[in-house]
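In the two complexes below, subunit A is the common chain; its partner is subunit B in one and subunit C in the other.
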Partner chain A sequence: MRLAGRFGGAALSLLMVAVLGFFLFRVVPGDPVVSMTRGRPSTEALQAELRAQFGLDRPLHEQFWSYLTSLLHGDLGTSFTFRRPVAEVILERLGPTLLLVGTSTLIAVLLGLWLGVRAAWRRDSAFDRVTTGVSLTLWAVPTFWLGMLLMVVTGDLFPSRGMRDTDTAPDFVSQALDVGHHLVLPSITLVAVVCAEYVLVMRSSLLQEMHAPYLTTARAKGLRDDLVRTRHAVPNAVLPAITLVFLRFGLVVAGAITTETVFSWPGLGLLFYDALTGPDYFLLQGLLVVTAGAVVVMNLLADLLHGVLDPRVRVG
Partner chain B sequence: MLELKNLTVHYGHKRVVHDVDLTLAPGQTLGLAGESGSGKSTLAMSVLRLLPKTARVDGEILLDGEDVRTMAWGRLRAVRWASASVVFQGAMHSLNPVHRVGDQIAEPIRLHGTTGSVADLLDQVELPGDKARAYPHELSGGQKQRVMIAMALACGPRLVIADEPTTALDVVVQAQVLAVLQRLVAEQDLGLLMISHDLSVLAETCDDLAVMQAGEIVERGRTREVIANPRHPHTAALTAAFPVIGDPAHRWADPRPTPPPLLQVRDLRVNYGRTRAVDGVDLTVGHGEIVALVGQSGSGKTTLARTIMGLRTPSSGRVIFDGSEVPRGGRALKAVRRQVQLVLQDPSSALNPRHRVFDAVAEALRVHGLREDEEALVTAAVERAELRPASLYLDALPHELSGGQQQRVVIAGALVLGPRLLVADEPVASLDASVRGEIVALLLRLRTELGLASLIITHDLGLAWQIADRVAVMHQGKIVEQGSVEEVLLTPSHDYTRALVRAVPRV
Partner chain C sequence: MSVVSRPGVARLLSHRAGVAGAAVLVAAGVLAALAPLFISDETLDVTRVTAAAWQGPGADHWLGTDHAGRSVALLMAQGAGTSLLVGLSAAVLAVGIGTLVGVLSGHFGGWLAGALLRVTDFFLVLPALVLAIALSTVLPRGLGTIVLAIGLTSWPSTARMVRAQTLAIEARPFVERARALGGGHAHVIGRHVLPSVVPLVLVNTTLAVASAIVAESTLAFLGLGDPTRISWGALLHQAQLHGAVPQRAWWYLLPPGLAIVAVVLAFTLVGRALEAVVTPKR
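For the complex of A and B:
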């Protein structure tokens, strides 16, 4: 029953996302067609044609219905700036974003949780102070500034624009090496900026478990200190961090707007930026639906995984 | 086997154990009694060097002739659990919530490479073998404590340290767990060091007894002799604090004729989904009368109390207060709640740690919109609860007060509205023996001075004997027996009441 409830809740959230995606861009003041053609030569006739093309001349409920039905078929409308289906544009940028943001988030999570465990276990040690101090400083630093600083400091060591060079040999190995080379600076920037979150959550969560009586039991049994930590303390302390980690995984598809813009990484973050400067309403609407949907799905996964890891919330 | 010589433990400059000498031979059972803060748990934890790093330990702790204090880490880990093991207090938190209990029992066996099977160990503590696959939260309190005992015996140690092994269990379950522990200690000829604040529990289990106060052992000897002829005043205070059912000296409530009814419960039923928590209960509390509602956990007594307070809607039946039916909601229910106040079990969690005493007591006045004379009313209530002079306490935060003082603040918070009935849920269960007596006396004085009636919910038959005029015994949602304290506790007529009375440990 509870399992069905969770799926039902996620489905309801997804529906809300779809509804919100539609109305959010209909209640913003101003005529979308006027904004789309701003700064370009246009006539009344052209604007009327655009309206007809995007279906904006039909009544609102008809627009909503056709939006919902096409959404179910994976059709997110047509981008004004790209003159191509929104779904196609988004799909094309999904790969680079998953590569950059996915890799960085994974590294940041693993590194952050590991550092957090170490820091909490040796609370107030030099390791703890340095770890929390450095990660908090990096957390506070503006992302674009850190990115630019890295570019300046590393000089010509790593490429700082785009995802691949045009003159790289077409075979897989050369291409992969080239992408990897381009990946270094933006991923370091991303990891450095978001790592603190995982360090602090893991650290405080483990500190709360540090005086749990079951750890005394484990010590009394004669377990080594590191076994007490890995076998008994961490499995309990990691539970609150799970939800956070999965929420972040959900946001991966939103890309990293600042980082992707600074390094001209051709991902969804840069697409967001382009769609906003358009402004390209259908693209924005599509991006909103896709990213919010990913968060909802990941949250559902977090709930399910929490049930697997914690027998107390296991669902039948 | 175990020998402590001049053992002294400091936390910073605070000395918690002072110059203790103790010896325990194989097969000997020694009880260590004392109140919270007496240093008894610190002493027990020092045997396996389980104290936090901030503790400074001086003296000698010889386990089979070897000093635990100077052992190398590897040797210490080998000794832990294999030579001496611990049954910790509060099995709920001492078992790891995310591991199956079978794995937790098997862990020390694998670690120390000893022989032993989880199924045999569970069988010894009278648990079915399939419980090995259960997680701690799926077991009852008594079952978890049995798992702790099975775990302690996993590597065949010669010494078992039991730290308050039955605290928080109710009498019947406590008796069962103690019986299991006693049988295994006798069968396997184990040495047992048992720590408790409850002398009657130690009297049941241990041949020898040592009494601790403020870090020192003030008296020791054969358990029977120590309890029968205490030489130290602290021992005398401890023995006196635990009421002996049937002893007129421990019967503090003076007999009085049956007063006219104040609260009447008629054929009350409360359902939780399909389970019936309260099943056709009739109960009466007279003006100024103290009624004890006794029963095991899960008997439905707390649900009954919540329904009387109007915190739960009954499925059927009536609650009549002072002649008129308690309404199900609205302004009229609020008016009744002013006259019926609740005192909770654990004052340290009932009080908001960031509220000063004044605010904690004044809160009820504010809820009921009685802003006039707030200060005078609060002061009067605090003094009624015998925190005198009130000015000393009004600005204090809960953590600055002792357990007994905290419970007085909770009582003051109930008194401030001038209620006519107190519903007290285990009002002394979390208190030390000496403080417990004071709170019991306070409740009795409030009855004499203010004519305040009380419904006391407890699993402690001794408390009922001390304080109540009448007793109602609740079992599986029904009141199986009620009558005067003497009738019910001395000549129980229902089988369940007899079982309850039999389960009470005797000094």
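For the complex of A and C:
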């Protein structure tokens, strides 16, 4: 019953995402064609043709219905600037983003949880103060600014544009090394910003467990401090932290947009930037639906995972 | 390691950080208020400046000049006002919506609470920045649009907290007594719920300003800001656009970013200090 409720809730959220996408890009702007052709030479006839081509001359409820049914078939419409299906354009850019976001999230989670545990276990120690202070400061740092600073500071040490050089040898090893070389600065930027959040989450999660009776029992058994931490406290505290990592997935998405823009990383974030400078409403709509949909799905996963890992939630 | 003194020391420390944060905010506020008095439009007009572009810090321009020869120090002072104004207005809007939704969904049960809770949870998980970008793309560029875009996308966490506080306070016996004596919705909300929610709302507003300023700088950096106004984020947008990174113009890149970090950190520290004061220790 609980499971069905979760799936139902996620399905409703996905529907709301779709409605939001339609409302934002078809209802709010009035006539999208006028906004999208602003600043470019265009005639009344051309605009009318564009309207017909993108189906904007039909009544709003008809547009909504055809938008919804094509969405269910995986059709996100046609991009105004690329003149190709939005789904196709998005799919092309998915790889680089998954590489950047995947690498950064993995490093940020491991580093953040480790630092958070250390800081909480020795609360108010010098280590705790420094870690918390640095995390709070990093939380205040705009992602894009950190990226720009890194570029200026490292100079020519790392490439700062794109994902690979054109003159790299075509064999797998040199290609992989080249991409890895390009990946350094963007992933440091993303890790720094996301990690700060994870440190603070893990720290407060472990602090809540610190005075639990079962820890007193563990200590009374004569366990060493390290074992009390790794065997008893951390397994309990890490659950809410992991759930929060999934819940804050939107944070990673936001970070990816600015990081990719600064480093010209050819992923979804840069596509987002290109779409908003156009502006290409159809592409933006597709990107909004896909990213928001991904966040909803991640949340459902977090919920399910939490249920599997934590028996207390399963029973309740 | 005495058990009694440790929380005392920690609390004092958090207050000291809060005091330092407040001092930074007062300084930034004074700078923003005074900037229009000593900066004339000519000094920041790209077509009328005479100084050379890309000058490093020196006696004439102690923070150097930008791509057009304008003084970075004056640009910084001019930008303070916009950044603070947008941050404050967006935070007030967000916390206002959050408080309204939270009190309504906490006080009234039934379908209204269910629907409001559903909408709150929906917006809570969506990436706020993506929504803010979408909103500022479709609306005409301007200060109002940025405030609206940030305010309309960052209210859900406040709504959740205010709702929890409303539920907690309405379960207390004195509210039951007020109801039994004939107090209506307006009486219970106005006399009991709202006063108990105020400290929480204050803390939330302070913390919301911090994230609103970061959000403003990000939107401005992406070129979605008010084109007629200078803000710290807009300065970084200009810096990126005109190649401050390849020029290694650190004097152009450092000040706006450092100012954002300082003010955001200050709001966060003040918010945390307030939080420590208003929420009783368990």
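Miscellaneous remarks
What we mean here is this: the second predicted complex is superposed on the first by the 304 of 316 C-alpha atoms of A that agree within 3 Å, B and C clash if a C-alpha of one lies under 4 Å from a C-alpha of the other, contacts with A are read in each partner's own complex, and residues count from 1 in each chain.
Just so we're on the same page, contacts are C-beta pairs under 8 Å (C-beta built on N, C-alpha and C of every residue); 3 or more make two chains touch, one makes a residue touch a chain.
Just so it is clear, the structure is predicted and the values come from calculations on it, not from any experiment.
Contact comparison for subunit A: of subunit B and subunit C, C touches the greater number of residues.
Once chain A of one complex is fitted onto chain A of the other, the partner contacts of A:241 are absent, as it touches neither subunit B nor subunit C.
Residue contacts after overlaying the shared chain place A:276 against subunit C, while subunit B stays out of touching range.
Using the contact criterion defined above for the overlaid structures, shared-chain residue A:109 touches neither subunit B nor subunit C, since it reaches no partner. Residue contacts after overlaying the shared chain place A:148 against subunit C, while subunit B stays out of touching range. Residue contacts after overlaying the shared chain place A:310 against subunit B, while subunit C stays out of touching range. Interface residues of subunit B facing subunit A in the complex, by the touch rule stated above, are 45, 48, 50, 76-82, 85-86, 88, 90, 93-99, 107-108, 111-112, 135, 137-138, 151. Across the interface of their complex, subunit C is touched by residues 12-13, 16-17, 24-25, 28-29, 35, 124, 136-137, 139-146, 148-149, 151-152, 155, 160, 247, 249-251, 253-254, 257-258, 261-262, 272-273, 276-277, 279, 281, 284, 287-288, 291-292, 295-296, 299 of subunit A. Against subunit B, in their complex, subunit A makes its touches with residues 212-214, 216-224, 232, 235-236, 309-312.
Those residues of subunit C whose C-beta lies close enough to touch subunit A in the complex are 6, 9-10, 118, 122, 125-131, 133-135, 137-139, 210, 214, 217-218, 221-224, 233, 236, 239-240, 244-245, 248, 250, 253-254, 256-257, 260-261, 264-265, 268-269.
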